[in-house]
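Scrolling down, you'll hit the structures one after another.
What follows is a pair of complexes built around chain A, which joins chain B in one and chain C in the other.
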Partner chain A sequence: MKIITIDDSSTMRRIIKNTLKRIGYGDEILEAGDGKEALEVLENNDVDLIITDWNMPVMDGLAFVKKIRSDSKYDDTPIIMVTTEAAKEDIITALKAGVNNYIVKPFTPDVLKEKIETVLGKKD
Partner chain B sequence: MSQNEIDDLIAEFNKTDKNGVDKVIEEFAETDEPISEKQQDEKLDEAKDILDEDLAQEKLQGVRFEEKEHKVIDKLDEINKESEDKVNKLFEKLETINEELDKTEEFIKSIKPYLEKHKEFMEFFVEHFPKTVVKNNYEYFKSIIKIVDDIENSVSVIRDNTFDAMDILQFQDITRQKIERVMSVIRALHEYLNNWFSSSYDSIPRARVAHTIIDEEEKEKVDQEVEDIIKQMQEKGEI
Partner chain C sequence: MPKLSVEWINPFIEATENIIGTVAMVKITRGKLTLKEDSAVEYDVSGIIGITGEAVGSIALSFPKKTALAIVTNFTGEEAMGIDNDTIDAIGELTNMVAGSAKKIFSDKGIKLKISIPNVVVGKNHTIVSPKGTPSIVIPFESDVGELAIQVSLKPGN
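And then the complex of A and B:
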């Protein structure tokens, strides 16, 4: 399974990468520091899951999700947003933009696993 | 222009504060070697910087900030970067601990089948040769197996703790974002002050800000120093 994790914090990318390995999703993990960089990575790679932050420079997570959802190629690619934004209206905005699930930082490995299983349809 | 007019002009020019520029001119004069175009440009830039600095000081009316220290946003950016670097180093250390734990675990896994075989062998002996020596050896061996099991459990506990520590490191990103919020407020405040207050502040002539403001307890001492200086200068006929 190929996953891309997008976050401007190298620490967060590291944590997510490490957590994915621990919960059994560490086969191949790609990284990007913002939405624009992620689009470049995705040009040469097909991924099964996208995990993105919201607040990032250059292209933020919301703009990235909107861009991805405007391309039919990614219709079936699940997106999980992992962010500090915890306001109800923000969560609604992200979901409306095309995010499949939403995690508020800080998160635990169990939560990430549960959300991944949900978006991959492994869990009801 | 008459010689008198020229002399007056030079005298007027000499009255102005141009210490920094003089220094650059002196440096030019000190060298006998021909100066390249690049060197000339560098010297001119240096002189320009000094004049710019003087102008900035004039504008700040004497308020002096430490170099870089007053650039709060830059400073906060530096703090964020530094903390991210340090947390990444900490993460590397935790990863190294985990790698060592993996090796220890592999090592235990590799010796466990031999220990089990040996235990079976000893159980056979104890059963068929129920002498105290054999039994004591068997008990001793069982305690070794228990120690190995304890090490295995400790490895697992240490690993869980390193994983927990890695999860806790998410605080860095959260703190960074909190600092960035503060930075955005400072930035907005800066814009606000520039737009609404700056012009009116500049339009009113104001006194230079004092460089040295003494504490109350120093007052008497400083007053005495002033008196002494005045007295000395009067004695010398300087005032």
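And then the complex of A and C:
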């Protein structure tokens, strides 16, 4: 299971990586600091799951998701957005852009596990 | 939007208590609000986020070094040794969570705000000055790991 975590905060990337390891999804975790960097990483790597922040410099999470969803190569790749943007209209915007599930920071390991299992279930 | 009334301050207080309590497991107790004409907090590190939409201004989360290190250590699960890049990043992320949480509280009341990416200022006894005409309120908090404060500077949006 290969996962990419995209967040401009190195703290959040570290917390997400440590949490993924704790809940059994720590096999291979790639990192990127914004959407543009993530697209570059994905050029050379196939991943099974994308976990992305929303508010980031250079290319934000929403623009990144739209870009990914315009490429049929990623039709079956689930995307979970992990963000502080918790307003209802934000969640609707993200889901419309192609996000499969949504987590509001701060989150517990159980919530991340549940959301991952949900999107992987959808994928199957 | 009226002057900086309680309705505009309380979501930030609630968000700060909630986020610091949840991610750093530190219970904080609010002190007395002070209106700052020239808006000064004198701590060592501050996370600042710009706000636009139905209100325009900023929220700053400020800590003395000791409090910052204790809260970041609890937040990340790794001991923060000083105000280094990792601590600065963590303070930015905490500020982001507080602003995001406050934004949600406003959104539930039908008030739409947008928040910027956080900036972090480091420097002994630095001050945060808001633009002229933007009222600013400082809310101090006490906790077992030391004091901290938020500074809310807001005026009506366009």
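Note that in this section the second predicted complex is superposed on the first by the 121 of 124 C-alpha atoms of A that agree within 3 Å, B and C clash if a C-alpha of one lies under 4 Å from a C-alpha of the other, contacts with A are read in each partner's own complex, and residues count from 1 in each chain.
Everything that follows uses one rule, which is that a residue touches a chain if its C-beta (ideal position, glycine included) is under 8 Å from a C-beta of that chain, and two chains touch if they have at least 3 such contacts.
Since this is a predicted model, take the numbers as computed values, not measurements.
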Chain C versus chain B on the shared chain A, clash or fit after superposition: clash
Touching partner for A:11 - first (chain B), second (chain C), both, neither: both
Partner chain(s) touched by A:22 [first = chain B, second = chain C, both, neither]: first
First (chain B), second (chain C), both or neither touched by A:56: second
Partner chain(s) touched by A:106 [first = chain B, second = chain C, both, neither]: both
Which of chain B and chain C A:84 touches, first, second, both or neither: both
Location of chain B clashes with chain C - one stretch out of 75-83, 129-137, 147-155 or 201-209: 75-83
Intersection of the chain A residues that touch chain B with those that touch chain C: 9-12, 14-15, 18, 55, 84, 105-106
Residues of chain A that touch chain B when the two form their complex: 7, 9-12, 14-15, 18-19, 22, 55, 84, 105-109
Chain C contact footprint on chain A (complex, rising order): 8-12, 14-15, 18, 55-57, 83-89, 104-106
Contact footprint of chain A on chain B as seen in their complex: 84, 87-88, 91, 95, 163, 166-174, 176-177, 180
Partner chain A, residues of chain C touching it in the complex: 19, 22-23, 75-78, 85-86, 89-90, 92-93, 96-97, 99-101, 103-104, 107-108, 112, 115-117
